[in-house]
Amino acid sequence: MSDPILKIEGICTNIAQYHILQGVDLVVPRGGVTMLLGRNGVGKTTTLRSVIGHWRAHEGRILFDGQDITQLPTAAIARAGLGFVPEDMGIFADLTVEENMILAAISGPIDPARLDWIFAAFPPLKTFWKSEAGTLSGGQKQMLSIARAMAEERKLYLIDEPTKGLAPAIISTMARALKDLKDQGASILMVEQNFAVAKALGDTANVMDDGRVIWSGAMEALANDARLQEQLMGLSMEAHST
Amino acid sequence: MIRSLLSGDMPRSKFLGAILLVILICLAFAPFLFPGVRTVDTAARICIFVVLVASYDLLLGYGGIVSFAHTMFFGIGAYGVALSSTHLGRGFDSLIIGAGLGAILAAALALVIGLFSLRVRAIFFAMITLAVASAVAVLVSQISSVTGGEDGLTFKIPRELGPAFKFGKDLFGGELLGVKLNGKLLTYYLIFGGSLILFLTLLRIVNSPFGRVLQAIRENDFRAEAIGYRVVIYRVTATCLSAAVAALAGSLYAIWLRYVGPDTTLSMEIMIDILLMVVIGGMGTIYGAVIGATLFVLAQNYLQNLMSGLSSMTEGLPILPELFSPDRWLLWLGVLFILSVYFFPTGVVGRLRGQR
Amino acid sequence: MTAAPEHAPTMARTTLRDRLAPYAPFLLVPALAVAGFLAVQNPASWLTLTVSGLAMGMMIFIMASGLTLVFGLMDVINFGHGAFVSVGAFVGISVLLALGQMTGAPSLGLNLLAVLAAVLAAMAATATMGWAFERVIVKPVYGNHLSQILVTMGGLIIAEQLIIVLWGPEEIYFTRPETLKGALTFGDAAIEKYRLVAVGVGLVVFAAMRFVLRRTKIGLIVRAGVQNGEMVAALGYRLRLVFVGVFIAGSALAGLGGVMWGLYQEVITAHMGNQAMILIFIVVIIGGLGSVEGCFVGALLVGLLQNYIAFVEPKLALISNIALMVAILMWRPMGMIPVVKAK
C-alpha cells in the first residue's frame, strides 16, 4: 500500500466523562471507499468527529496527507482538503440551497462543470436551487449535505451515514452518486449501517467495537463471510441488510 | 447537636470553622463586645446581609441561575413591614403580617417570572429579572402616595423595640456589662435571632434531597432531565424559596432601620453588592455568604477610609486621585469581582476547603 | 451514538396559516400603529407619537443588533453591552462639544460634518473597546453562561466607573447642532427634525445590515454560524475570527446608538448604558435571541408602544414594555422570530 491519505494512530477521545474512543487505529488508503462499520454506539461517529476536530483526541495522533492535524483548529483541518458530511447533515436551514453551496466552496465560486456534475447526480438540488434548505425533504437535505462536500475537489471525504432514514429509492440515488464520486478517484471514509450499500461501495472495511477498530480487511472478505459478520457485529447488521 | 443544627454540612476546614465561630461570637455578643451605635449597626447589617446573600447563593450557587431581582424581593419584604406598620398601626402583629405578606408576594412574583423564563432558557431569567426589577424600582419611586417615592417611608415599630423602652432595672439596674438594656438591644437580638434561624433553614434546604437535585441540575441539566427530574419545577421552586427568604431579610432590615426607601432596598448598587459578596465568599457553599457579607460590609465601612487616604496621598498626580477617591470604590470592586470569577470561582470558602 | 434509523419524511404542503406565520411579527408593527391611532384619536398627535416611537425604536435597534448577533453566533451573552452605549455617547458628545463652532453655525453642512466626526470617533472608540472587551473579559469564559453574566456585568461596572473618573459624576447637558433643532410641521403635527434623522439613520443601518447578511459571503457565514457554528468550521471558516469581527461591529453600532440616544435626550449620564440595556434586553428577548429581523421588529414595537402609552396613560408607560414582553412570550416562548439551532 502506498502512502495513505489518512492515518489514525491510537486516538482516545472523551466526551464529558465518557471514554468513547480507546485507542483507534485506522488507515485510509488513497482512492476508493473505506468503510467504518460496527454496532450503534461503538465510536464510529466520534472517530469522524475527532478527525475533523469537533471533538479532540487527547491521546494518539491523526496524520492527514502526511501532516499531523491532531491539534489543528477545525477550520484548518477542513482547508487541508477534507469534505465532511456529518451524521445530522449539518445543513443551514435558513439559507437557500444556493447559499449552502456558495459557502461550501471555500476557494471561490463553484466550477460550473462541477456544478453540472452535482446537478446530474442530485437533480432536486437544481429544482430547489433558490429554496430555503430547511424546506427540503430529508433525502434532499442529505443530497445537499453530500453535494456541499463535493462542491470542491477534496483530498478526502468523511461521510457519516449518508443513507440514514432514507427511502429505498433515494438510497439508490445516493449510492449511485457516491459510486460516481469514487469512480472519479476520490478517497472516501464512510460510516454506514446499511450493509447492502456498504457492500456495494466499500473497498476496504474496518469494524469497530467498544471504542477500537477490531478488524480491518477487504470489504469483499467481510461481505462473503456471514460468520465473521456475526462475530464482529452481532446480529444488528442482519436487520439492516435489506 | 451542632451537626444536626448545621444539617450535617460542616465547614470541612479547621481554619474556616474557626473564622465562622469567631464571626458567630462577634455577632452574638456584638452590643457587648463593641458597644457603639456605628459598630452595632454594622453588626446588624452583617446579620441581614448574610441571610440575603445566602438566599441568593441558593439560586446562583446551587441552582446555577443568575437573578437581578434579588433586591426587588428584598425590597418587597421591607416595604411590606413598612406599609403594614404604617397602615395597621405599630405592633408586633403588623410586623408579622407585613413580613408574611411580603414573603408570599415575593414568592408569587418569583413563581410568575420563573415560569415565564426558566421554561425556555435559564439565561432568559437573568435578562428578564433585570428588566422587571428596574421597572419595579422606578415604579416604587413613582407611586409616591403609597411608597413615599424617593424619600421612602419612616415608620414606627413596637414600643418595646425602641430605645426609650428600658428593662431589667430591678435585676441588673438597667445595665449589663456597661450596656444599657433597652429596646434597641432587643431589636438587635431580634435581627440576630431571625437571621440565624433563616440561615440555618437555608443550610437545611441546600442539604436536603431537594438541594442535591438542584446541584445535579446545575452540573448537567440534560442529564437531570433524562434521569426524570422536572428541571423547571426544581428551578422555579428554588427561585420562590430564595425570593421568600430575601423578602424576610428585607423585613428584618426595615425593622432595624425603621425606614424603607428605594436606595436602601431596591437599588442596583445593592444588587451588585450581593453579587460581589456571593462570589467573593464562595458560590454554592452557603457559608460563603457569611464570609462574603462580613468582609464586604466591614470593607464598605472601613476600607473607604483607606481609599480616601490613598486619594489624598496621590494628590497632584493626574487621574490617580480620582481613581482612588472613595466614591470610586465600586470600580475596584468590579476589578476584584472579575478577578475572583476567573481565578477563584469557589471564593474564600472554596479556597479554605482546598478545592479549586 | 446513533439511534436506529428512523424514517421521517417531511411534508412539502403547508397551509396558508403556516405560510403567513413567519410574517406575523412584521405585521405587528402596522397593527400597533393602527391600534395607537384608535387610542390616541387625534391624527396630529398620532403622527408625532408615531415618528418619535419609530425614532426611539430605530435607536434601540442600532444598540441591540450587535448583542443579538453575538449571542446567536457564539452563545455569548454580554451583560456589558450597555457600556458601549455609554462610552459611545460620552466620546461622541465630547467631540461635538469640542466642535462647538461647527455645531453652533446655522449651516447644515458644517453641522452634519461635526455629527459625522462625533459618530466616527464614538464608533472607533467603542470598536476598540469591544475588541479589548472580547479579549480580556469574554474570551476566558466561552461556553459558561454563569461566568459570562457575572464577568460581563463586572465589565459594565468598571466601564461605568471609568466614565465617571474621566468625565466626572455629573450628567452633561448640551443642545443639538443648530440645524437639527426645532421641528417641521405637517398640518397640525409638529415633528422634531432630529427624530426624522434618527429614523433615516436607523433605516439605513437596517438596510445595510440586511445587505451584508444576505448578499455577501461574510454575511452568509454569519447567518450559517448562528444556525450551526460547528458546520461552518467544518467547511473551513474560522468562526472565532468571524465572531470577533461581529463583536467589534456590534460594539461600534452600540456606540453609534449611544451618540444618537444622547442627541435625542440632550443629556448624557454614566448610567445611560445601564438604562438602555434594559430596553435592549426586552427587545432581543421578544425578537428572538440571535435574530436581527426580530430585533428590528421588537425595537419598533417597544418604541411605538412606549410613546402611545405615555400619551394615553403616562403612569403605565413603564410597565408597558414588561407587559409587551409577557404577551409576546406567551404567544411565542422563544421570541417572535426564534432562531433554529441545529443541535
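A, B and C are the chain letters, set down in written order, and residue numbers restart from 1 in every chain.
Keep this in mind: a contact is a pair of C-beta atoms (placed from the backbone, for glycine too) under 8 Å apart; a residue touches a chain by one contact, two chains touch by 3 or more.
Computed from a prediction, not measured in an experiment: that's the story for all the values here.
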{"item": "Reaching chain B from chain A through chains that touch each other, fewest steps", "value": "2"}
{"item": "Far-end chain from chain B, centres as C-alpha averages", "value": "A"}
{"item": "Centroid spacing, where centroids are CA-atom means, of chain A and chain B in whole angstrom", "value": "56"}
{"item": "CA centroid of chain A to CA centroid of chain C, Å", "value": "42"}
{"item": "Where chain B and chain C are represented by their mean Cα positions, the distance between them in whole Å", "value": "34"}
{"item": "Chain A - residues contacting chain C, complex", "value": "20, 40-46, 52-54, 73-75, 78-79, 84, 86-88, 90-95, 99-100, 102-104, 106, 134-138, 148, 161, 163-167, 193, 240"}
{"item": "Parts of chain C lying in touch with chain A, wherever the complex brings them together", "value": "1-10, 12, 217, 220-221, 223-224, 227-228, 230-239, 340, 342"}
{"item": "Touch list for chain B against partner chain C, complex", "value": "60, 64, 66, 116, 119-124, 126-128, 130-132, 134-135, 138-139, 142-143, 268, 272, 275, 279, 319, 322-323, 327-328, 330-331, 333-335, 337-338, 341-342, 345"}
{"item": "Touch list for chain C against partner chain B, complex", "value": "77, 79, 137, 140-141, 145-147, 149-151, 153-155, 157-158, 161-162, 164-166, 169, 274-275, 277-278, 281-282, 284-285, 289, 315, 318-319, 321-322, 325-326, 329, 333-334"}
